[in-house]
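Look for chain A in each of the two complexes below; its partner is chain B in the first and chain C in the second.
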Partner chain A sequence: MKAFTAILKRDLRVAMHRKVEVLSGLFFYLVVATLFPLAIGSDLDILRRIAPGILWVGALLSSMLTLGRLFEADWQDGSLEQLVLTPHNLSLLVFAKIISHWTLCGLPLVILAPVLGLMFDLPIEFVLVLMGTLLIGTPILSCLGAIASALTLGLRGGGVLISLLVLPLFVPVLVFGSGAVESLAAGLGSQAYFSILMAMLMPAVFFSPWACATALRVAFE
Partner chain B sequence: MELSGVERNKVGCQWDNGHSKNETDKKMMGFFFKYAPPQAFYRLSGKLIPWFSGAGVLLTVAGLWVGLGMAPTDAQQGEGYRIIFLHVPASWMSMVIFMAMAFWSFLGLTFKTRLSGMMTAALAPTGAIFAFLSLWTGAMWGKPMWGAWWVWDARLTSELILLFLYLGYIALTSAIDNPIRRDKAGAILALVGSINVPIIYFSVTWWNTLHQGASISMTKAPSMAHLMLLGMLLMALAFWMYSIAVALYRVRTLILERESATKWVQSLAEVVD
Partner chain C sequence: MTLPNRLEIKNLSLSRGGRQLLRDLSFSLNPGEWLHLQGDNGIGKTSLLRVICSLAPLDEGEVLWRGQNIHEDLPLYLKDIFFVGHKLALKEELTAFENLAIECALMGVPAKDLDLKQALDHFGLKGREHVPLGILSQGQKRRVALAKLKLARAPLWVLDEPLVALDSHTVELFTQLLGQHLTSAGMVILTSHQPIQLSGLGRVLMLSR
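Moving on to the complex of A and B:
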């Protein structure tokens, strides 16, 4: 447990020294959300309808872009190999890295989402539901993405490869995440979507660190 | 413990790090692992391939004859429906092959048999081809029946995502040079994917009901004539035989490639020539 908190603190501290890297994912989200109205037109009725989808796809792409950072830097300076060699439970250490990735790359998206939602003229209760789905959904993205990131560690064309592996796996999260807002707009309520997202989060949190740890060991064999 | 290539063939495992099972376990697993060493499997598959390819050809001829010649014309869809004799078996195969890949991956990760990774790798291209064939024939059927090449139907969309999963697997394994890492990384991806396939199908169905998709559903097809069903089953069996034959052929190539440094490969008649 001590090692767990140590890694968490260390990752957050390292990120504070490279603020631009953390902010770039957030900036990307902002830019993507800005591009859509420019491409589609400024009709607020259309924008309001497609806003949940755009904001979810943007969050998905942004968290995918930042996945490379999860293990790559530690792998290059050798500290990841040291982690694999320590007697501590590797799954637990990987879990700490996933949490720090989510705190740095997922949580800011959740906080930025309402601002973007207002830009698309979403009513306030829709914005709250969107934030809720992002709050539950982005950790799933970090968990699944961590597996792909560990599998592609140090491979040529790693960045493109990650997106190939990860995007099909992100589909259910995207469907239920953006579906919640749409269902609310249709007057059906969004309770069921939250339940299903939670039901996906639980196994993702449980299995992903283990799968990542296996993939990392494979990479160092 | 380092084992030479020949010794490893006897064990049939990648690593025998001392955590070998006790004797009774070994006996129980004996039958199971008899053909696990690539060398034994190479010989066995060499004998099996002609049988599977022969059965594949015969069943294809019979299936096409029943499907295209004997089966009655559909009352609603006319002759256009006959594409299902390719389309439905191809979709079935694409799903079965992914399950087979997950099965071999599980074996590979738990028992560390070397053959499993090669089996998974050998199945992937065939699965991807069937997924593509299923989408392609589906589009050709959809144009006259639905009036559109592509409909965002739950089945079509999840089949497309299945194709993406296949391509992801192939992309990942071809990016890794070290065969051990390639097998294991591929196995992890195949297992993660296989857990996701039902979730993807479920989510896409849910999404489809919300978006009011195609009004014609393939599940509500009228009950089929016996000859149509027979033709479809024959074609499905033919695809099974084809897939097995092609996968075995590909495994043999992979075995030769991986084991090219060993004595038994170098003493093979087809290699010496």
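Moving on to the complex of A and C:
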């Protein structure tokens, strides 16, 4: 557990020194969300209808933008080699890295969602549902993205490969994440969408660190 | 019954990128012994160290630790080795002190602040403990990486080119540390293009085509 917290703290501390890298995903999310109303116009009915989709697509792309860096820096400076060589469970250490990725790249999107929701004139209950889906959905993106990041480690053009690998996996999260708000707007409630997202989150959290650890060992070989 | 520490390489063959690097290599290392691997660039020194550390696969043969194949109980074996590679495994954004503290947590070594300070002091980094690594010189960064050895509890040290960018005084400090480790029944296997004067039982293994 000490090694787990050490990795978590280390990654967060290092990120504090690499603010540009951390903020680039958030900035991208902001730009995507801001440009759509400018391009589409100020019709509030249309904006309200497309808001969940736009915010979820923004979150998904922003998450993809930052996935390449999940293991890359550790791979470059030799830290990853040391992680593999520790007697601790590698899956647990990888899980610490996934949590730090989500804290730095996923959580800010959740926190920013109300501000952007208001920009699209979303009612407060819709904003809360949107935040809830992002809160459950963005960790799934981090977990699935981490597998792709580990599989493409050290490969030339790894960034493009990550996109190709994760996009099909991200689609269900996107559909159910944005669908929750639309369902609420249609008066059907969003409970089922939350249940499905939770059902996706559980195996993702459970299997992703193990899959990443296996992929990392293969990368070294 | 726990068998005594002993590293044994048996009939090891190794190839990379379709090229045979090592063929039928065998040697062993007992407590208090050191082995200096030498040879031209690209001959397979680093690859051999990586195989010993379980980081790379081999074609034939096996690596035994205490008479058992290392892959049979890898976590147990990993507790007994400490590897310093070409890459220093240090975070430039963090200080030398922070880097060592993280390393101790990963090694499972309970180290106090004073231990970390002493390890850095040993390599002449007094007063540089809380400076971000990014502004230290290459030699100083290498010293921080070697300071990890002062805290390592593993009996087998595997060191890949540890003397790169070090001045003669630091090389002396480093060899002193290796000497202490060997005296306390440790084992060292290292590669270096520079000659190393070490006490204890040791040999140079020259790899050639």
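The rule is simple: the second predicted complex is superposed on the first by the 221 of 221 C-alpha atoms of A that agree within 3 Å, B and C clash if a C-alpha of one lies under 4 Å from a C-alpha of the other, contacts with A are read in each partner's own complex, and residues count from 1 in each chain.
One rule holds in what follows: contacts are C-beta pairs under 8 Å (C-beta built on N, C-alpha and C of every residue); 3 or more make two chains touch, one makes a residue touch a chain.
A quick note: this is a predicted structure, and the numbers were derived from the prediction, not measured.
By the touch criterion stated above, A:F126 is placed in contact with neither chain B nor chain C. When the two structures are aligned on the shared chain, A:A219 is found in touch with chain B, with no touch to chain C.
Residue contacts after overlaying the shared chain place A:V14 against chain C, while chain B stays out of touching range. In the superposition on chain A, no contact is made by A:F95 with either chain B or chain C.
Contacts of A:L161 after superposition on the shared chain: chain B is touched, whereas chain C is not. Look at A:L169: by the touch rule set out above, it reaches chain B but stays clear of chain C.
When the shared chain is aligned, chain C comes close enough to touch A:E81, but chain B does not. Chain A uses residues 221 to touch chain B in one structure and chain C in the other.
Across the complex, chain A is touched by residues 109, 161, 164-165, 167-168, 171-172, 175-176, 180-181, 184-185, 188-189, 191-193, 195-196, 199-200, 202-204, 206-207, 210 of chain B. Of all the residues in chain A, the ones that touch chain C in their complex are 2-3, 5-7, 9-10, 13-14, 16-18, 76-79, 81-88, 220-221.
Residues 53-57, 75-76, 78-79, 81, 83, 85-94, 98, 101-103, 105-108, 132 of chain C are the ones touching chain A in the complex. Residue ranges of chain A in contact with chain B, taken from their complex: 144, 147, 151-152, 155-157, 161, 164-165, 167-169, 171-172, 175-176, 179, 182-183, 186, 200, 203, 207, 211, 214-215, 218-219, 221.
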